[in-house]
Amino acid sequence: MFAFTIRRLLISIPTLLAISFIVFAILDLAPSDPTGNLPLTIPPEVRQQIRDSLGLDEPFPVRYALWLKQFFINEPLNLIEGWTGWQFGDGDRLRVTSWATRSPVVDLIIERLPQTLWVVGMSQVVAVIIAVPIGVISAYKQYSWFDQIGTFVSMVGFSIPTFFTGLVFIVFFSVQLQWFPSIYDTNHEVTDWDSFVFQIKQMIMPTMVLALATAAQLSRYMRASMLDNLQQDYVRTARSKGLTERVVVTIHVLRNSMIPVVTVIALNIPTIFGGAIITEQIFRVNGIGQLLIIGIQGADIPLVQTLTFIFAVLIVLFNLIADVLYGILDPRIRYE
Amino acid sequence: MTRIGLLMGATALVAAGAAYADGHSERGSDGQLNIIYWQAPSLLNPYLSGGTKELEAASLVLEPLARYDETGTMVPWLVDEIPTVANGGVSEDLTQITWTISEGIMWSDGTPLTAADAVFTWQYCTDPAGGCAQLSNYNGVSNVEAVDDSTIRITFDEPKPFPYGPFVGAQSPILQQAQFADCTGEAAPTCTEENFAPIGTGPFIVTDFKANDVATFEANENYRVASQPAFATVNFKGGGDAASAARSVLETGEFDYAWNLQVEPEILTQMEAAGQGEVVSAFGTSVERLMVNFTNPSADLGDERGTVAHPHPFLTDTAVTRALSLAIERNILVEAGYGAAGRPTCNVLPAPEVYASTNNDWCLEYNPDEANRLLDEAGWEMGDDGVRVKDGVRLSVLYQTSTNSVRQGTQALIKQMWEAIGVETELRNIDGSVFFGGDQSSPDTFQKFFADIEMYTNNFDGTDPEAYMGNWACSEIPSPDNLWLGNNMPRFCSEEYDAMVVEMSQTAALEDRAALAIAMNDMLMDAGAIIPLIHRGGVSARAASLEGVKMNEWDSELWNIAEWSRAE
Amino acid sequence: MSDTLVEVRDLRMYFPIYKGVLRRKVGEVKAVDDLNFDIKAGETLGLVGESGCGKSTTGRAILRLYDPTSGSVSIDGTDVVQLEGNDLRAQRPQMQMIFQDPQACLNPRMKVADIIAEPLREHSDMSAEQRRERVNELMDAVGLARRFANRYPHEFSGGQRQRIGIARALALNPKFIVCDEPIAALDVSIQAQVVNLLEDLQKELGLTYLFISHDLSMVRHLATRVAVMYLGKIVELAPRADLYNRPKHPYTQALLSAVPTPDPTVEATRKHIILQGDVPSPAKPPKGCNFCTRCPAVMPICKEVEPTFKEHGAGHFAACHLLEQDQSEAGELSQKQAETAETPSQQGETT
């Protein structure tokens, strides 16, 4: 397993380099102009000067090489300096800088990670907590009223987009009942009980909107996997051993059914970092997803390039993690 | 107590409260002000971003020497008076303007504002490596010098009858030299800290800035008016969409002020009914207008189609154009497509107030009878098919515009109104990127204007209409000779008009310029070259408890935020 | 040895069929229909029949892995059909099952030692040490090396897995074991080993087996008595020699005629009874005798009246109208056929 992991990690290096090149090339070819959103009253020669000042006058390979150096050498060194306090060279190196905000992209991402992890990450946790029991009970009592309702609810969860549920939540809970704020306060700090309660309140709606959508999906996976396993002979074996149903379901069936579900969850984790573009917009969570969409709208190429590439790294990494997890969970799988 | 008595009592209380607020308001006494901009500012240095959202967010902190109030009138801000030729501030040859900074203006860090800061700001923006987005404000400036600590002299390389570009309005505020000294040229984008939290002279200072997300401000202790600002802190949140921003002010009441609410009028009306706040609008110079083609667009004319060689068969008849204008019920158009963001207008130059003519207000009244009478009088007789005819020419127009749901709605309404007076109307819409695209090979551009009537919106930036009114000079007529480049779509041509254009470029006194602009506007209206429809404005929302908002399209909407306060 | 350990009476196992949007019940599959038989302590009852005839369902219903529709199954005096919940679980150690697919019946995520020890944890108060000791004993008993205890099932061969399955079944000292085609999924060379192991264990531990198989030769080798099933019903039940030598039911005769003989000359001249048509669906069994659609000796009465299952000769039960109408003629016919099939095929015995 160790050798397998190392080999896969090594293979992922050229893969990621290729991805970074493709992303860079696509963004370069895309018809976008960082001055495109400026008011029409700004004359073309001023626009050209702005573009030049952003480095757009350099040829493509130079810009790509510069980005590689900034991203793979300067940024890691900077992070290490920040964590350890060591000093490499004079510490004055060019960082990947967003065109719109004129600030280092990595700092923007770090600034936005907390709210994204809190809201989107928590939604995944809540989704698992909701989905697993529903999936288990639905499968165990297949075609019961619980299963029918579960099927209906998850179908609804599947088919209704988050921007709709989000709006319904806002209209109902914020406008009508006035229970929860419709706008997330990213400056809020949890210092005591009251502020903790406020944090929970402002997190509930975006978290639940995302959790319901994810749970709908996960519970279906869970149910299908449980149904597969419930039909297996080893379940009959377990019953014939005289085990209680609870033990049969939780020890035997659930553990085996979790194998595919756990890998689905692992593959979902990069999307947590990717944020939930629409949900973040609706509730003004302003996390990574919103950062990306603003970057795209404003043709902020360094920002989009860096974010996209980080997502690519996470996806490659979590694919590997999912494979390794599968190997750990399912003794039948061996990587050599 | 009767109901009326109660109401009167309440009114008295409110009045008393307002009086109290006016007399005794104290800096920082009104707590937090929550503002939502659904487009979030990405930094707070307006010189590095030309976007409105950045300009307005920065206007809480950075200030120009003079700015425009809600009527578009220039008001002194960091100076005591606006320099003019009359008061000697502008040189006779119109090449120099001299500003004098008021006594005792401090930066928020406690140091005094000096002329050197203005000089630095000019240098900062004009550094070719810096990529300054507001460079056009310094067009023609050959030098900015500090005569003494409080006197700034700006020299232009040619006479400038309107020398109020540099340091006037939200686009051109003054930066602090001490803070930005190391941030010029190529270093400009690397000064993240400075660009996120500039030091200014305004009522607030930046306490925290999260790019594209939220900015927080607190009252500036060194602000020049001791009792202002009334709010202690400002939470300036960004992100989301216009409808939900409107909702957060009008329905949930979480925010006090929401900007740029491009939302369907009926949705805004519905939200406003919740009673938490109200929609406010302000009008700049944007006018949705019908351009009337004075040349014959008939395809039979081949290469000479749409050129001055062939006058239009009936649209040069002022009786026809006047009737067309009278037959349009502009209020209906506003109601259907614009709501608070529009109002009827009869001028192509509707604002600022000093430039706005009142001589054409006859068109505000919907009067189909008068329209019919005019046409009858001019000899246009109603035919059997309901279309008027004169000398074998049918009153039939092709009416084109860009593809856009509001525009198509307007087109349909106008078609109905015109057909009621016997004008046959054929509608056409063209994709915006083609219509406004200026492609030489396309017959569908708004410059070629191969139709009888076309509709679109245009405006001018800032408050000086000189360049805008110059659009209708004879030399601006698009034709094959100038590759159809030109702004005079109606192909209006008048020596008298051209003379006024030249005169305006040599006139410095504001009153005289205004008189000229009004005369030019009226001439275009009388000739029937343009039929203005709707004066379009910006729409924002404010909470019922927020006082002092003076919605402004000429400057930052937050231009007078120092005066905003919370109602008792 | 002649005490009855298992008594099956009127056992029915019907599976409902649901159809349509509202999943209304539209019928039922009569997988097991009115079974009556006994199994004596220490004997092996072979249960044979074509696939789909309800053999495995019978086994599972007897062990209460299904909830029978009606009837009773008493094992050592307790009617397990009536038991529920904890009472049923308390009864489980007595009755165990060895499954057909040794791969599928073992939880892939549990180690061998855990699989064998799990019932001990549930049904005894042994210490961990004692349990380990017992697991070792059981592994010895089924011929598995002790060092394999910490391996996962997929690391074993098919035969070894079946040994694990047997060890697991034996863990609680059951009296009665249902062997549901325990060798069908194994290589021929391994089959004999497992069968011998089962035989040895039976002798050693005094086990009673219900041995379900479609392999008539294997059953002949192993069983004391044999029951033949067709479409959810037992058509014939007799002591081994009796059944193989003198099958009374036309279906049994047909089945036996299909068993190949090792002698090529006999095999070449032997008369096969080829059954025509397919087995009817158990959801729609024919009227009268279930076998009437394919029976070579079908009579009009067969299509009207269901024959009763009764004794024809000592311990020889069958359900057929032929036997009641014309004993001698039918007997003769079956006699001839039985003779041709006499030489037993015993390829399973070579070890």
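Some notes on this structure:
Each chain carries a letter (A, B and C) given by its place in the written order, and its residues are counted from 1.
Simple rule for what comes next: a residue touches a chain if its C-beta (ideal position, glycine included) is under 8 Å from a C-beta of that chain, and two chains touch if they have at least 3 such contacts.
Just so it is clear, the model here is predicted, and its values are computed rather than measured.
Closest to the protein's overall CA centre, chain by chain, comes A.
Taking the CA centroid of chain C as reference, the farthest chain centroid is that of B. With each centre defined as the average position of its C-alpha atoms, the distance from chain A to chain C rounds to 54 Å. One inter-chain figure worth recording: chain B and chain C are separated by 92 Å, centre to centre, where each centre is the mean of the chain's CA atoms. Annotation: 42 Å between the Cα-based centres of chain A and chain B. Touching chain C in their complex are the following residues of chain A: 143, 232-234, 236-244, 247, 252, 255-256, 259, 329-332. Residues 36, 40, 42-43, 45, 48-52, 128-133, 135-136, 186, 188-192, 195-196, 208, 210-214, 216, 235, 237-241, 244, 247-248, 251-252, 254-255, 274, 461 of chain B are the ones touching chain A in the complex. Of all the residues in chain C, the ones that touch chain A in their complex are 18, 23, 60, 63, 65, 89-93, 96-97, 99-101, 104-109, 118-119, 122-123, 152, 154, 165, 168-169, 172. On the chain A side of its complex with chain B, the touching residues are 35, 37-39, 41-43, 46, 49-54, 97-98, 100-104, 107-108, 111-112, 170, 174-175, 178, 181-183, 185-187, 280-284, 286, 290-291, 294, 298.
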